[in-house]
Structure formats: structure tokens, C-alpha cells
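Chains: A, B, C, D, E and F, in written order; residue numbering restarts at 1 for each.
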Amino acid sequence: MHTERRKLLTIVAEAALEQRMIKDVERLGAHGYTITAACGKGSRGVRNADWERNGNIRMEVVCDATTASAIAAHLKEHYYDNYAMILFIGDVEVLRPEKF
Amino acid sequence: MHTERRKLLTIVAEAALEQRMIKDVERLGAHGYTITAACGKGSRGVRNADWERNGNIRMEVVCDATTASAIAAHLKEHYYDNYAMILFIGDVEVLRPEKF
Amino acid sequence: MHTERRKLLTIVAEAALEQRMIKDVERLGAHGYTITAACGKGSRGVRNADWERNGNIRMEVVCDATTASAIAAHLKEHYYDNYAMILFIGDVEVLRPEKF
Amino acid sequence: MTLDPVVLFFTLGLVAGLARSELRLPSAIYEFLTVLLLLAIGLKGGVELSRQSLGTLAPQMLAVILMGLILPLIAFPLLRYVGRLKRPDAASIAAHYGSVSVGTYAVAVAYLASQGVTFEEYMPLFVVLLEMPAIVVGIVLARGITRGTRWAPLAHEVFLGKSIVLLTGGLLIGWAAGAEGIQPIKGLFFDLFKGVLALFLLEMGLITAGQVTGLRRYGLFLVVFAIAFPMLAAVMGAGLGWMLGLSVGGTAVLATLAASASYIAVPAAMRLAVPEADPSLSLAASLGVTFPFNIMVGIPLYLALARSLHSAGG
Amino acid sequence: MTLDPVVLFFTLGLVAGLARSELRLPSAIYEFLTVLLLLAIGLKGGVELSRQSLGTLAPQMLAVILMGLILPLIAFPLLRYVGRLKRPDAASIAAHYGSVSVGTYAVAVAYLASQGVTFEEYMPLFVVLLEMPAIVVGIVLARGITRGTRWAPLAHEVFLGKSIVLLTGGLLIGWAAGAEGIQPIKGLFFDLFKGVLALFLLEMGLITAGQVTGLRRYGLFLVVFAIAFPMLAAVMGAGLGWMLGLSVGGTAVLATLAASASYIAVPAAMRLAVPEADPSLSLAASLGVTFPFNIMVGIPLYLALARSLHSAGG
Amino acid sequence: MTLDPVVLFFTLGLVAGLARSELRLPSAIYEFLTVLLLLAIGLKGGVELSRQSLGTLAPQMLAVILMGLILPLIAFPLLRYVGRLKRPDAASIAAHYGSVSVGTYAVAVAYLASQGVTFEEYMPLFVVLLEMPAIVVGIVLARGITRGTRWAPLAHEVFLGKSIVLLTGGLLIGWAAGAEGIQPIKGLFFDLFKGVLALFLLEMGLITAGQVTGLRRYGLFLVVFAIAFPMLAAVMGAGLGWMLGLSVGGTAVLATLAASASYIAVPAAMRLAVPEADPSLSLAASLGVTFPFNIMVGIPLYLALARSLHSAGG
């Protein structure tokens, strides 16, 4: 079965950023995204969802390498200083390259 | 510490498919699966969980390459045309190869 | 944009272990972690969250290779015999290596 | 025509949703409210049922099921040939409109109460009876009888779906426990009913807002159908209620059931049996247009209709 | 022996679950109902407690704790030598049956109310006292006293677990606020109690169904034990209640507490302290057999037992 | 000064949280309770509003808004120059304290009721009016007017945030439906109010415990400010209430509103508009110190203050 390589960009950030991150990734060329609720801990301390929007979201974007680094660069520039956020990029195989 | 390579197959699809996807992956040889609730957006528009079964599920299956492509092929054939679904495959190291 | 390689360690285990796993990964050198609620099935049967702490958690840790295998070894030794748990390790690129 | 206060909560949700407010009820709470409404409606019906004889009910039940079979048969050609919709879409939408919406039923009950109009309280039985038949018709319309549909999983999906299980369960418990047996649990199920309905409608308003925005894509026909067909169906429902000798209130409720379109049981069943039908199309119609129309405009009309029928028919 | 309406909700859940219905209450709602039940039970007990003197309570409290220590010591040999279970499994199950189930207590209270039988309302105090001792015994049985168990995290797990915190908290608040202090919050905690219990039992039925299907694996002995031991324990509990001079209702409640098996506090504690014990084994017994047996058959039996004891003992 | 029973639930949560109990209400339930409280408060206010003439309200409304603008202007210099906090932190905290906490308002209402003190029941209107102004001031203090803030998304965030939408929606519905229109839904919104508040406070206690542990990091000044400033603000609020000719109860409520610090609307807005401000700093103060201080110590003080003012002012 024929597959092609794409990048899987995973972003974990504070839930308050959800709407803005969605706008950003779509504007920067992602054809879709998947979000799950998450909690966790990092340099900005513990973040858990059990009150208001104090939790994290975990966003995944499957896209080509250029889009991935464009998004990564944008997020780093706009959010890293003031918001709880990390991101990492991995390699994945997809069936319908045209979708991503 | 000795590890072995396996495939990590990740499927994001509309929640209505959950039971059928579980049946499928088990029948096709997966020894287990992990499911998390998700929302997202793709070619079939926004899908969020805040009413009935309108959300997505995110299913992960760790298995060998053959099983992975068998599942991928099956899902593509049966669901891609009429359902919201994507899948992607990555490489992972596992400790107990016999489990997967 | 400059990135560096790190390991992405993913652990799926029964929710009852959450607090102990958090203690363990931090003690073994992880700088953070991300947790999402999950359900699933494996050699110890179906685990779903719809009652008490009968569900699973899915923990992700981005760290260097040594930390990853240290955590993996520790978890294998202490929990594999008596608890529902799997783990797998993948490769990811990160922007701020100093964080992980 | 004054709005029942509960409907104001729907309006609040609708306005907030259209204004893109972040307001949302957690899905767990929406589920909780649905469960409470379904059980409360079932229980009320069951208590009343224990006072009825099957002899008087049987003919009414048959007539109601018949209506559930006929309505989609009328809707289908309109959708297929007037609206030029693809066959599976036309069949799926027909099934939605042949079936019923419990939320709409609940608003009708609240409205009649606020108007001091009584009705045959065993009517939740009809709600249960009306969910299923239209689904079968819809599937046959989409597939034809020839091509084998796998009915087993489907029957399972529908009969064991949340709404039928809770309504039927409530009916049976209410019927078994009777009026005084239910007393100890009326605090949760009956005293809170209207408040729970108000919250439920708040969320429905938010959900509807999401559908409305999608409507543009589907063009005028769908909107017209989603308003015109319910009124047509209401006339049939009212007529049937009158022929069955139901009270004015009962006639209005049956008209409302005929006019209401499903947005829970049927979408799930269609997704399973007619996957090639676009689910957003039928939801936009039933949730985005018909549900708000019925609870804000339709129900009072249907009561007026029932009144005139009865005064005419003497 | 007529079923209390709330038990019908359990039956509904059980049947729906066995029929593989998709029906489920969201876990957040299940949590919510549990919190409401635990607080309501605690509050009721606390209000009554404020009317009691420690002098009269102290001996009863000691006797009840003693019962909690003895019950698992009787259960263990049966499980280990008659049932041939592995040592950790036998010890873990013994702990489950020495401890109590708040859900079962709630059903007993509802049943006595529907039968017009009164009881010592400070009994939630006994529920709290009975949760802990059996856990300690179970751990010692599994490990022996020699091998050091890390007790600190364990005590934390149990004493600060949801059920003890909410029961004790409720007791203290009820005790501090007294009957009229509680008035303003009785709308939520007391007027809704039976309705909340009904919903809780609906979900318990669904959960039980999941356990029942797993029972086959564990063979007949476990099923027999899960019915026979509660009845034996009930006799001891009733006897103790009678010796302590409790009313008929109080005797029946203590019998029920003895007969009930934990499915919240103990499983969590055992997972932590005796991980090699198979949790699905003890849950299958306590949730899959004992809980349904107690609420559907046991409780009425235990009341009858209490009655005969008192009429005999005069 | 006896604690209102609902406050005992806060204490329970606080103690359980500090003892690291696993107890937690699911976030969906916390959301649910918040929605119920906001709507109930809005509805009560709206019903009363329908009895008032705009003529009498307008001046009071203006005065209250003015207070919302002045309070942060007093807080800022204290935080910036006495506390030596960074500009954005000082501005953000000032905004928190200029705005209001609905939870604190609810406790004040419950306390007055338990003390048999009446007040102007349209006061929820003031809660709505007080949420916004301090936010604007805070942003200007952080940014200066020169540097263009993107106000549009911000206004959207605040005006369409959960709390303002539900309070305003409740006010409008209560105003439109009037006292008898609300009757059918009072079961859920009014009869359960104090119970819902009790559960809400239980969770608030658990949350507060989490904040308290973080307090150490921020040093003494923040703690002192979080107690002293509310008392100062309360004096101003009481004075204003007295000048506006409010009743003793109304004066106490306005003092409470002035003393309360936001922990819902403002944090969200500040995160958006002043991201460089450390959110944990302002939450530690408003949730970790001010909220518990107000509900356990402050509110009774503010009532006493209002009483003496009125007896003095005759």
C-alpha cells in the first residue's frame, strides 16, 4: 500500500490559546488539526483542567515539512515568552498525501 | 535496555465509528488499542464533542508493520468515502515485542 | 529553524498509578510531562473510564535518550508485573533543547 | 402569542451562540439533562399508562405507528423531486421528519401546562412508537428492499439507543410503581422538570446557532421544507388526533409530534445504515430550522389548530 | 416482597447493560451523584449525632470496629482453603467483604423509609468506622506483619479518599450546623436524595452488567461465596445490633452493613498495597453478585431477620 | 460571629485540599454549578428589576461604574510602588480587585438571608456593571493608552464571557418573565440555590488549597495587600451605598462587591490583553487569600460596618 512522508506537529499549550492557535495553524497552511484536552507540568508549573480554563490542550497537525516549521516558528515568536507551550515534530506516513 | 521496532498507527475518526473500529482492529490482529476523545477539523468540517456523538475519537494501535498496513488498507476501503477519518503511521521502540 | 533530536516517551497505564508515575518521571530527570485521559484494551482486558478510577492515563514525556531509557527501565521493573501498562519511545525534533 | 419562559432560555443560547460567545455546557451536563428529561417524561407517561386499558390504547397505537410510516413517504418525493436532493439525502431527511423530537415534546408539554390545557398524559408512549417506523421507511427508500441491509445491528442501535431505553424504561417503572410509588423520586424528576428543560434549551440554542451558520450552504429549499413540511405534518397529526377522539391538548401534542423532526435517534441510525447521506444536511434542517420554528412559533399554532378543529368538529 | 422503585432503576440499568445498550452516564455525572449521596448521608447522620452523647455511642463504636476486624478473618480462610484462591486474592476479597458499601446502605435507608421503619439515624458514623479496619486486616493477611508495608501513603489513600472525606465532612457539618442550620441546603441534599439514588442505581446497574459478563471466568465458588458470606455476615451484624440494643431498623441496617462489600475505598487501597491481587476478581464478586443480591433480595431478608430477632428476644 | 453552614463546605474543601486529599469535583460539575449560580443570581435580580424604574436606577448604576473605575486606580500605585511589582503584574492585580467575584456575592446573599437582613434584590445588576470597567483601567495601566491594544477581541472575550452572558441573560429573562413567570423554574434555580452554593464552595475550597500552597513564593506583601485592600475597598463601597441611600443590607452587599476580587472574567481577559503579567500571582492573591478572607471574615465585618454607618448616619 502506497504511503508518503509527512510531519506530525504536536503542540501542548494552555487552553486559553485554543482559538488563536486554530486561527494561526489554518492561516499558515494546515489542512486540519486534532485537539485533545490535557494536563501536565513544565517550566511554568502544574496545569490541570479541574478549574476554569486552567488546563492544557494538545493539538496535532499533520502537514508537510515547510508548513510545520512555519507554524513552529510563528508559535515560538508569538507565544513562547508569555505562555505555557511546548511543541515537537515527528515523522509519519500517510495514505492520502493530497489531504495534508 | 533491549528494545524492538514496531509501528504506531494513529487513527482519528468520528466517534460514531468507535465500536466498529474496535472490532476491525482486533480482527485484523492488533493485540490492543488506546482511545482518547478528541475534536478537530478536516475536509469534512469542524467536529466537536459538545453534543451527542458529534466528536472524534483518536485511536492508537502499536503493532507490527504488516498488521498496521492491513488495518490501514481495511479502514481506507470501508470508511474513507463516507466518514470523517484520517490515519498516520510512525515508528516506535517497545520493550516487550511479544506484546505487540 | 534550528531543531534538536529528543525522545518522546509515551506511557499508557491504569489511572491508579498517576501520582506514582508523576513522582517517578520527575525523580528520574524529566523536565515535564503531559497527561490525557484514555481508555483501551490490552492483555489485562478492557479498561474504560466510566466508573471510578477504572480508566487509563496516557502520559507523554519529551526527554533525552538516557532519561527515556532510565524511566522505561524503572517502570518495567516496578509496574509491569502487577499493573496494566505499556510504553513506547519515538523520535521528535524540538526547538528549545535546553527545556528537555 | 407570549413565549413560555423556558423558551427564553433557548433564545438566550441562540443569541449567545450567534454572537460567538464562549458559553457552552459541558457535554457531560448536556447528557445529564437529556437523561433527566427522558426519564421524567417516561415516568409521567408510565404512571398514567397504569390507569389505561390496552383495549382503548391499541387502536390509537396502531394509528400512530401508521402515521410514522406515512409521513416519510410524503416527505421523500418532495425532497427528491422538488428539492432535487440525492436519493440517500432525501431518504435520510425523510426519516428525520417522520420520527420525533423529545425536546420539542417537552416544550409542548410545558406550554400546555402554562396555558392550563390538559392532555392524555400517556402520550410519551406515542413518542416511543414514533421513533422507529420512519427509520425503517427511510432506509428502504435509500436502499430499496432488494439490497440487503444488515438490520440486526441497526435494530440494536435504535432499540437500545439512549432515547428509547430511557423512555421505555421510564414508562415501565412509572407503570410498575404507580403514582404513589413515584412520590419519593418526584423531587428530582418532576419538581425540577421545567428548570432542567430550561437549561437543556439553553444548550440547544447554542447548538442550533452552530447549525444556523451552516444553513447558507444548503440553499433556500431546505429552509422552506423545514418550515412548510412540519406545518403540513401538524395538520395531519391534528386530524388524526381528532379522529382518535383525543382531547384538545392531546390533539395539539400529536400535531407537535408529527411536526417535530428527530435529531438524536435518527441521525445515529442513518449514519450507520445510510452513511453516504450527508449528516450535516439533515441536522441543519431539523436542528437549525425546524426545532426553533416549532418551539417558538409552531406549538402555539398547533394548539390553535387543535382548538379550531374541536370547536368545528363540535 | 415488593421492590422499592429505586431498585427498578437498578434493574433497568442491569437489563440495558446486559443487552449491550449504548446507554451510559458520563463519569462526571456518576462522580456527581456519588458526592451528593455521600454528603447527604453524612449530613443526616451528623444532625442526629449532635443529639447523642459520646457515652452511649462509644461502646457501640468499639463493637462495630471489632466487627470490621473479625469479618475478614472469617472470610479469608473460606476463600483461601475452601476456594483455593491465591493468598493475595483471598486477602483482598476478605478486605472487600469486611468493609462496607455506601450504595447498599443508601438503598437500605430508602427501603426502611418505604416500609415506615425507623432506625438510629447516626448510623452513617458506623459506615465510616467500618471502611478502614478490614483494609488493615486484609493487608496483614496478604503480607504478614513481618514484611514492612509502607503504611503512610496507604493511610493517606484511605483516610483522604473521597468516601471517608465526604462522609466525615458531612457528619461534622451536620453535627456543627444542627437540624435548622441544615434547612437551607436540604433542597439539594435531602429532597432530591431518592431521585439521586435512583440515577446512581441506574448507572450501578450498567456497571454491574459489565461485571456479570466477566463472572463466568471465575467459576462457581466465587458466586456462592458472594451470596453465602453476606448472609452469614448479616446474621452476625443483626446479632450485634440486637446485643447493642439497637431498634429493629437499626439492627437491619447493621446487618446490611455487615453483608455489604466495598467497591470504592477497598479496591483503591488494595491496588496500592496488594497489587499482586487481581482487582477484577474482587470487583466481580462485590459488584457483580453481592451488590445486586443485597439490594434486590438481601435487605428485605435482613429486615425480616431483625424483626424475628427482636420479637424472639422480646 | 457564627459561620453560615455553606461556609463550612468551603472549610471542608480547604482542609481536604491542604491535606492533599484526592477529592475533586469533575470540572464539568464545577462548570454546571457555576452556570446554575450565575443564572439563579441573574434571574432573582431580573425579577426585582422589573419592579424598578430606570429613573431611580440610573444614578446608582453610574456611581457603581465609577467605583469600578476608581478602585483599580487606587490599587495600582500600592502594588507598583509599595509592593514593587512589575508594571504588568501591578496593573493585572489592580484589575482583579477593581472587578467582582460572583461567588463572594452569593455567599453574602446567603449570609444576609441567614441573618434575616433584606437588601435591594436588583443588585446582580451591579455585579454585571462592575465586571468590566476595572478590566479597561487595568489594560490602560499596563499598556498606556498610546500603544494600541486590540480592543475588539477583548470586548468580545469579556462581554461574551460566560459570567456576563449568563448574568445578563438571567437578568433579562427574570425581567421579561417576572415573578410568576419564573415560578415553574424556581425548583431548580431557587430551591436548590444554597445547596448548589455549598457544593460550589466545597470545590472552591479545594482550588483555594492549591493556591495557598503557592503563596509562599510571593512573599508577605501580596498577602497583606490581599487582606488590607479589600477592607479599604469595603469602606468605600459601604460609604457609596450609604450615600446612594441603600438599605443596610444593600450597603453591606455593595461593600462586599467592592471588597471582592475577580477570579473568572478578569484572569481570562488579562491573559489575552496583558500576557506578560504572571497569572499565578493574581490568582494566588484573589483566590488564595481574598476569597477565603471575604467569605469567612469579611462579609460579617462589612455587615457590621453597614449597620454602624446607618445608625450613625441615622
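Here is the rule we go by: a residue touches a chain if its C-beta (ideal position, glycine included) is under 8 Å from a C-beta of that chain, and two chains touch if they have at least 3 such contacts.
Keep in mind that this is a model prediction, so the values were computed, not measured.
Shared contact partners of chain C and chain E are absent; no chain touches both. Fewest steps needed to get from chain A to chain E, stepping only to touching chains, is 2. Put simply, the chain farthest from chain C by mean CA position is D. Ranked by separation of Cα centres from chain B, the top chain is F. C-beta contact counts were set side by side for A-F and D-E; D-E has more. Taking each chain's centre as the average of its CA atoms, chain C and chain D sit 46 Å apart. Rounded to whole angstrom units, the spacing between the C-alpha centres of chain D and chain F is 41.
Averaging C-alpha coordinates per chain places the centre of chain A 19 Å away from that of chain B.
Residue positions of chain A touching 2 or more other chains: 36-37, 90-91. For chain D, the set of residues touching two or more other chains reads 25-29, 32, 191-192. Contact annotation for chain pairs lists A-B, A-C, A-F, B-C, B-D, C-E, D-E, D-F, E-F, with touch applied as defined.
Residues 1, 3, 6, 8, 22, 26, 31-37, 62, 90-96, 99 of chain B touch chain C in their complex.
Interface residues of chain D, counted against chain F in their complex, comprise 5-6, 8-9, 12, 16, 19-23, 25-29, 32, 110, 113-114, 191-196, 198-199. Remark: chain D residues 26-29, 31-32, 35, 39, 156-157, 160-162, 165-166, 169, 172-173, 176-177, 181-182, 184-189, 191-192 touch chain E in the complex. Interface residues of chain B facing chain A in the complex, by the touch rule stated above, are 10, 12, 36-43, 56, 58, 69, 72-73, 76, 80, 86-91.
Contacts from chain B toward chain D in the complex involve residues 16, 45, 49-53, 55, 81-83.
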